[in-house]
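The structures come next, written out as structure tokens.
Both complexes below contain subunit A, partnered by subunit B and then by subunit C.
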Partner chain A sequence: MTQQEVPPGLIGARVRRKEDPRLLTGRAQFVDDVVLPGMLEAAVLRSPHPHARILSIDVSAALELPGVFAVLTGEDVRAACATPQPVVWRMIPDQRMTDQYALAVDKVRYVGQAVAVVAAVDRYVAEDALGLVEVEYEVLQPVVTLDDALAEGAPLLYEEWPDNVSCRQTIPKGDAAAAFAEADVVVTETLSYGRQMGTPLETRGAVMSWDPFTDQLEGWMSTQSPNLTRDLLGEVLGLPVDHIRVRTPHVGGGFGNKFDFYGEEVLAALLSKRTGRPVKVIEDRLESFVANAHSREQRIEVSVAAKSDGTIIGMRGTVWAVLGGQLATVGIGPCWLSMALMAGPYDIPNVEATVVGVVTNRSPYGSYRGWGQPKANFAHERIIDKLAHELGMPPNEVRRRNLIASDKFPYPSQVFFYDSGNYAECLDMAEQAVADRGWAKRRDAAAEEGRSLGIGYSFHIEISALGPSKIMNQAGLQHSSFDEEVVRIDSAGGVTVRTGLSAMGQGIETALAQVAAQTLGVPLDTVKVLHGDTETNPFTGYGTGASRGAALGGGALLRASTRLRDKVLRIAAHILEASAEDLEITDGVVTVKGTPGGPSVTMRQIGDAAYRRLDGKLPDGEDPTLEERDVLDPDNVAFSYGTTAVLAEVDRETGRVELLDYLLAHDCGTVINPMIVDGQIHGGATQGIGGALFEEIVYSPEGQPLTTTFMDYLIPTASEIPTFETLHMATTADHIPGGFKGMGEAGTIGAASAITAAIENAVPDLDLRLNRLPVTPPRLLDALTTATPKDPS
Partner chain B sequence: MSTPTRTGTTVSMTVNGEQVDRHVDPRRTLSDFLRRDCGATGVHLGCEHGVCGACTVLLDGRTARSCCTLAVQAEGADITTVEGMADGAELHPLQEAFWKHHGLQCGFCTPGILLTVQELLADNPDPSDAEIREGISGNICRCTGYQFIVDAVREAAAVLREEKTAEVE
Partner chain C sequence: MKPAPFDHVRASTLDHAVETLVAEDGDAKVLAGGQSLVPLLAMRLAQPTTLVDLGGLRELDYIRDDGTHLEIGAMTRSRAVEKSRLVGEALPLLPAALRHVGHVTIRNRGTLGGSVAHADPAAEAPSVLRALDAEIIATGPGGRRTIAAADFFQGFLVSALEPEEILTAIRIPKQAAGSVVAVEEFTRRHGDFALVAVLGAARLDPAGEIAEVRLSVAGAANTPLRADAAEDLLVGQAPTPDVVAAAATAVAEATDPGGDIHAPAEYRRHLAAVLTRRCLHRLFTHAERSAAA
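And then the complex of A and B:
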């Protein structure tokens, strides 16, 4: 393993994004902007019942409506598909799988499950036709909550199962029983994390065009994982992958919701095959709230065993995953990760954590930025706070006593090897910043005015740079997790990078261009990054998620560009009659080091020598063209980390919480573009704030979703969000070229833990323990009313 | 593709300075009309129930939610979409400021926010940060956390004030 040092330059520079002029002028193409000749539009009929048997479906009236071209039902889909909808994360070998198709067959198991689909001349007519499809249901008793599902004699979602439990797994480290037996103090907490989702502002959609004469399928999809999507389309539709082309225009936000592989893409493909025309399906927002993967909801039981000085010697926990009516693409994945990372950044020798996956009549559970980590964080940070309270110690002293020391890396956790970090320094940095900004004084001064301000902290870790493929396969992933990048210099010296990653707002075009430009020594505006087409771009394993893009894409591109630079220098050395070791490239011009104004050769001349006028310029034995590819399948994942500090004000009359200040000290190794990193942290933290205070998918006792508009599901607006401050340190990932670590999910992970701690800190006169998210005003008001006053002594 | 019905009606309006006359179905939304019949695909649909603000356009100089407006209701109106903001190939100062300050990530909400801010600055050329936040609180951005948008608006306001002063002088 080598220390990764990148000299200052474009890597680390706050440059403007290359993608922005398109996006700012309305010229960027999103999937709903794709229009093909003869294209039809589809609409999906969805179940109004949480749990029902389908007795019959009559589509005849819908088919007769002028403008309708085709209607499909579940039986049509099952007959046309080679496999059910795939589940790629299979960590638990004996898990009961749900094996469902893109349209329900026999039974529906959540409100919003697709039952039939219509292709018509446009969406208006397709929706008219939905009203003409007659479905007869036998309504069954719904299983709405976790407790409903686990109750003795509960109705079964899958009648062939003995109960509603899909899977259960315990992963131990050390001897937790012995640790709990010898502890001075044991604290226990039961936490509830609300059901939430990513809600990218662009809903999901696809345009599929199936050529019935050649069985070539061309698709435009708003997806984070184009290569995975192509492979899964191939499996489900029984097509060779070389028959499938997935194009990904600009993605209007992903947040994990667009990582997963959904049935609507399959439906559009089958409708196109049936009609011989391209078919577009774009979900509306109401559909999105029931048809996109839900996330986050868990009940977590957690306890720690500690010595009286605050040293934690053991941890136990159980994650109850409130899965939906069927498994989504990532299966138990996110909830399994909550279990696997429950000890977080702490050096706990004995851990026993369990995950139990339980099916309910709710929408399927899938990916959302942070994956299992916000819940794991809530578990370890809430229990740290409770332990500190029990011991009468400041929470950060308990943290400091237990954070993994910098000399203990690589650190073997329950499941993963944490690669590197300097956790204590990060906590110190945040505490110092809070002191410098006088938060405690503000809190105390406000208290004298009768206001309730509080300061809360959390420490988070973030798994990033997801790989290595073979280990992930052993863990149950039915796909790879490497990244491939291609870089080419053309005949005029311009640089083109090809990537399999999707552009979904994270600035991947700019970040990759910075890596290539710095490594090759060319101006940033001579580098173009192409993405969004599986036919012409390289293969990215997994997808654009798990905070992989900058780390693995950047690392692979750095290696490819380094080799390409070597070739440029060999050609330049030949032209300049110099030794390649004596040359340098600056702003696209190769010169002999230390001879400004001396002989030089431009990148344009190098391109000409490699493609067009080779004679006398391209050295013998050197192949024409200038292209390199590289595949990075890392030896390990890379862990980023950070400390969140929040200054919050609680309105004790209304239960409303206002965030006055928000600070994040963060380490993601080598930073490619600090402006993009800050933007990712702000956006992630905003989603974390939403999850802590506002956002919840609520179901009625009858199993009806009550929050299917932006009037009911409350996404934070500019008025609720504070100004953020970010502080950075850089502990490089020495197993990743460039030392990059990912950071796309950072802000989401520790937000709720810090905010709940700040709320409790704001009411020091009450013994308030918050254990349920989101902390909405009614919930907080109730908690404030029922909390026991602290003994003033 | 426009819906083929016999109940269609003709609408006329100005879209980004161009006169447009089209035959449309009465139920066609203004957003669909702009996106599909006028090629203004910078009008984005985020919720189709009037909350997210992505579909915001200027209708006779005031912001309107084009998803909750019918095309026929815009008869005779002067419509500006994001496509009408730049001056030829030169970005509007607001667009320039959003670029400089990283006021966008996925860019889906951006057209609606730009037009909302254009109205905000027309009404209040020197807003405080709190007024900027209030002014854009009817637009949801799921990516940025708003801070860099606020920075961009603050700077654009200063640039536009200077331009105005220069014009007067």
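And then the complex of A and C:
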């Protein structure tokens, strides 16, 4: 490994975010702020049944309601679309596709599936009209749970399939059977990860305007993936992409939900085409709980084979993916990744992991921050804890014995090459921080008072900087994953960066500005970052997800800015009659190195020389203007990693868990802005805490969703989260310019594993094994009541 | 989440409000602070033809001391009740309980009368009324009537109010001097509805025996409960751990909780016992301290 050294400066500086004054004063524009002349508003009629055949739909009464302009049904949509809703991740070539349209055509397969859509003068009238659409259903027996779906003779969601299994794939490494045969000890666990979802403050929405004379479709959408959306709109609507313009105002939280491509955008476009007016569709919160991608729910069977000294020689696992009634944009993607990363940070020579995708009458399973990795982490960390318990070793000793050594990178896992890391150092860092904070003393002092405190750890890896496009294509991605960035210096020396990435609160404007400002040698406030328009901004493959924005956008921009800086120096050298190699740029002023107070040229003068008064200033052979673009299609993904440590208190009478302290030792290569990284990690950890202790999408045995408001779907608030501490180390990605790695999902990944470990640690007298998330008070009380007391010997 | 069409009538007087209710013949809803009704409207779970808005009725916004009781107008905001010195001195259990209602912004809008009229068994205010033997004053076409809290709460979101009646005030006997209060509430998150809450008030006599105790339980049945049996076990006794444990058991036995996605019924019953024990522990520790002072 070669460590990339970035000189100290704006890259690495804890500077305030450029976007925050706009966001915090309410001056940022979101999709719902877009109001166009003549605009209509749409509302979607959703299925009340988990599984039913649509016998007939009568929209005549709805059409007669004053203020209603159009009503569409599934048949209309199918006739108007060139293809069903696309699935872009096709890792398993023989996977059975569900091929659904934006509105249900023959059957509904989950409560909330869109059945009809109304465009009216406003949302009130549109919702009134929904009540007038008459749908006749033949109710079918629902398939609500994984076990229901796999049962002998289960009703089929897709009658042309032999069963409810959409796909199955096993990826082996080495010889797992041999490893299990020669192991000293084998431990096995079955884990259940609850169904959860990202819940951005801004729900999804779109304003679509179809010009009936030119067939130009202009859309404002709250999306993380503007270029992908544009391409998919083109495929589905049968339009050339140059007819489609996707604009993304500020995105009010993405969390992966808004990576996916949903039917509502298509519906708004078709309604606009039908009515000749712009159409706005904004998902309300009630809808979002059924119409937004669900995530996380899996059953995972995992076993490890180990030597008596704790060395793991083999791992086996099966991920049972509880998919919904149809495939979402990312298909089996997140669940496949749970399978592909099940060995996590450990050097396990023999692995055999399987993923099985099973359809149920639940909402579709799509993207959510972490994308399969929190479940993989729960599998490898829970089984490490169990192995440690079995062997009577401290869990971190088992971790240390098995973590991939720093000299083994690039490390070939089951599927990926892990690029770089110093895992053991990261674990040491966290343990040292826990010792420095005196957690063990707090735990022991509390025990004297009869209170139950515990310390838990987890180690996580995070795939980021996705990724090499051709390899991703080979893995089944129906899109690219490079990133293009453009940087321009204007005629007055100001810098404009154009990006295809979406600004969704993560701080991308600031991070990119820091990279450009440091590379060009200009003050941060002279750099403007433009985003959110496919017509004028560059192309980002994939989207603003997979923890790729800072790493790939930053890397591409670093290279473009470096070339632009070279041009600036050539012009300055000409003006100063000096050699470019002797020049430096500081705070936007070019000087000859080592001559303070000597001749200088400002960036403003350089801009003037390149755009306006060229004569005598722009060197011969140099093109006017100052602009560079760069495309970064990396050779590999980049793996970040971290250790989470949690101090928790368990109320043994009620099963309540309180998190008293929380820290993460983390490595994402070169850090562009530690404040942004801390914020990302804290936010992710909060969602991880939600998944560990609070959040669960619950269905009734009849298939009705029971958690459709924030009264019932419990996201942790400021009152429920501890103070977070983040410690940084930097092992750079040597294949990414600047050495950046992504970290947008980090906090979500290791949270549940560390929290469950802390809970178990808090009751050392009990043989408590937690294998189901979230750990709610009633569940924990039940587990505490039924756990066997440990043998005091 | 847009309400179905309705007429909005901003009542100019109490009589106007009652007349409108009569005219709408049961299809109207009374709007107070809107903290429960507005979400129901938005989800179209409530679709009244008319909303009778009491927001302009200043005469329903008051806290009055008549010597033996405090009378609180129905439109008094929860936060105003919570912060009232008069209430704090005469009815310390009420602000102690209201502090658990949602968040400050909710208490700024929500009214005491609205919360009581909504009759949610998991809400705090109804349980306070049960514990303190309050009276609810309702005004209808036939004039005013007074309903004992024990008779007012009849089921889940069901009260003794007639469709043409408006809850106009709440009358609560002042707590005896020397009363200490404690509220033990278990929620999944800060500000959520209680899974179970136990509200208590007590006095010890100079001999250290329990002179008076009042206990009520929210979230453990389809109405707020008064724990009479437990109170009977406690009064006249020294607050020993055994006595407290017996009372906790009695409270749990008196509950009839439902189960939902947040907790099964057995868990709620268990919580009622745990929270009663904790509530009584706090009460008697405080009472001993105040007696010693």
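Keep in mind that, in the parts below, the second predicted complex is superposed on the first by the 790 of 793 C-alpha atoms of A that agree within 3 Å, B and C clash if a C-alpha of one lies under 4 Å from a C-alpha of the other, contacts with A are read in each partner's own complex, and residues count from 1 in each chain.
Simple rule for what comes next: contacts are C-beta pairs under 8 Å (C-beta built on N, C-alpha and C of every residue); 3 or more make two chains touch, one makes a residue touch a chain.
This structure is a prediction, so every number in the text was calculated from the model and none was measured.
Within the superposed three-chain model, A:M711 lies in touch with subunit B and with subunit C [touch as defined at top].
In the superposed model, A:E127 makes contact with subunit C only, not with subunit B. With both structures placed on the common chain, the touch criterion links A:T199 to subunit B but leaves subunit C unconnected. Once chain A of one complex is fitted onto chain A of the other, the partner contacts of A:A430 are absent, as it touches neither subunit B nor subunit C. Contact with subunit C, but none with subunit B, is seen for A:E653 once the two complexes are overlaid on the shared chain.
Using the contact criterion defined above for the overlaid structures, shared-chain residue A:V698 touches subunit C, although it does not reach subunit B. In the superposition on chain A, no contact is made by A:L552 with either subunit B or subunit C. When subunit A is checked against subunit B and against subunit C, the one touching more of its residues turns out to be B. Looking at the shared chain after the overlay, A:G683 reaches subunit B, while subunit C stays out of its contact range. Contacts of A:L781 after superposition: subunit C is touched, whereas subunit B is not reached. In the three-chain superposition model, subunit A touches both subunit B and subunit C at residues 124, 284-286, 709, 711, 717, 719. Residues 16-17, 19-30, 32-33, 35, 39, 67, 121-122, 124-125, 198-203, 250-255, 284-286, 504-507, 675-676, 678-679, 682-687, 709-711, 715, 717-719, 721, 723-724, 747 of subunit A are the ones that touch subunit B when the two sit in their complex.
On subunit A, the positions that touch subunit C within their shared complex are 123-124, 127-128, 131, 284-286, 653-654, 656, 694, 698, 706-707, 709, 711-712, 714, 716-717, 719-720, 776-778, 781.
Interface residues of subunit C, counted against subunit A in their complex, comprise 1-5, 39, 43-44, 186, 188-193, 195, 261-264, 267, 270-271, 274. In the complex of the two chains, the subunit B residues touching subunit A come out as 1, 3-4, 25, 27-28, 35-36, 40-49, 51-52, 54, 81-83, 85-86, 91, 95, 98-100, 102, 104-111, 114, 129, 132-134, 136-150.
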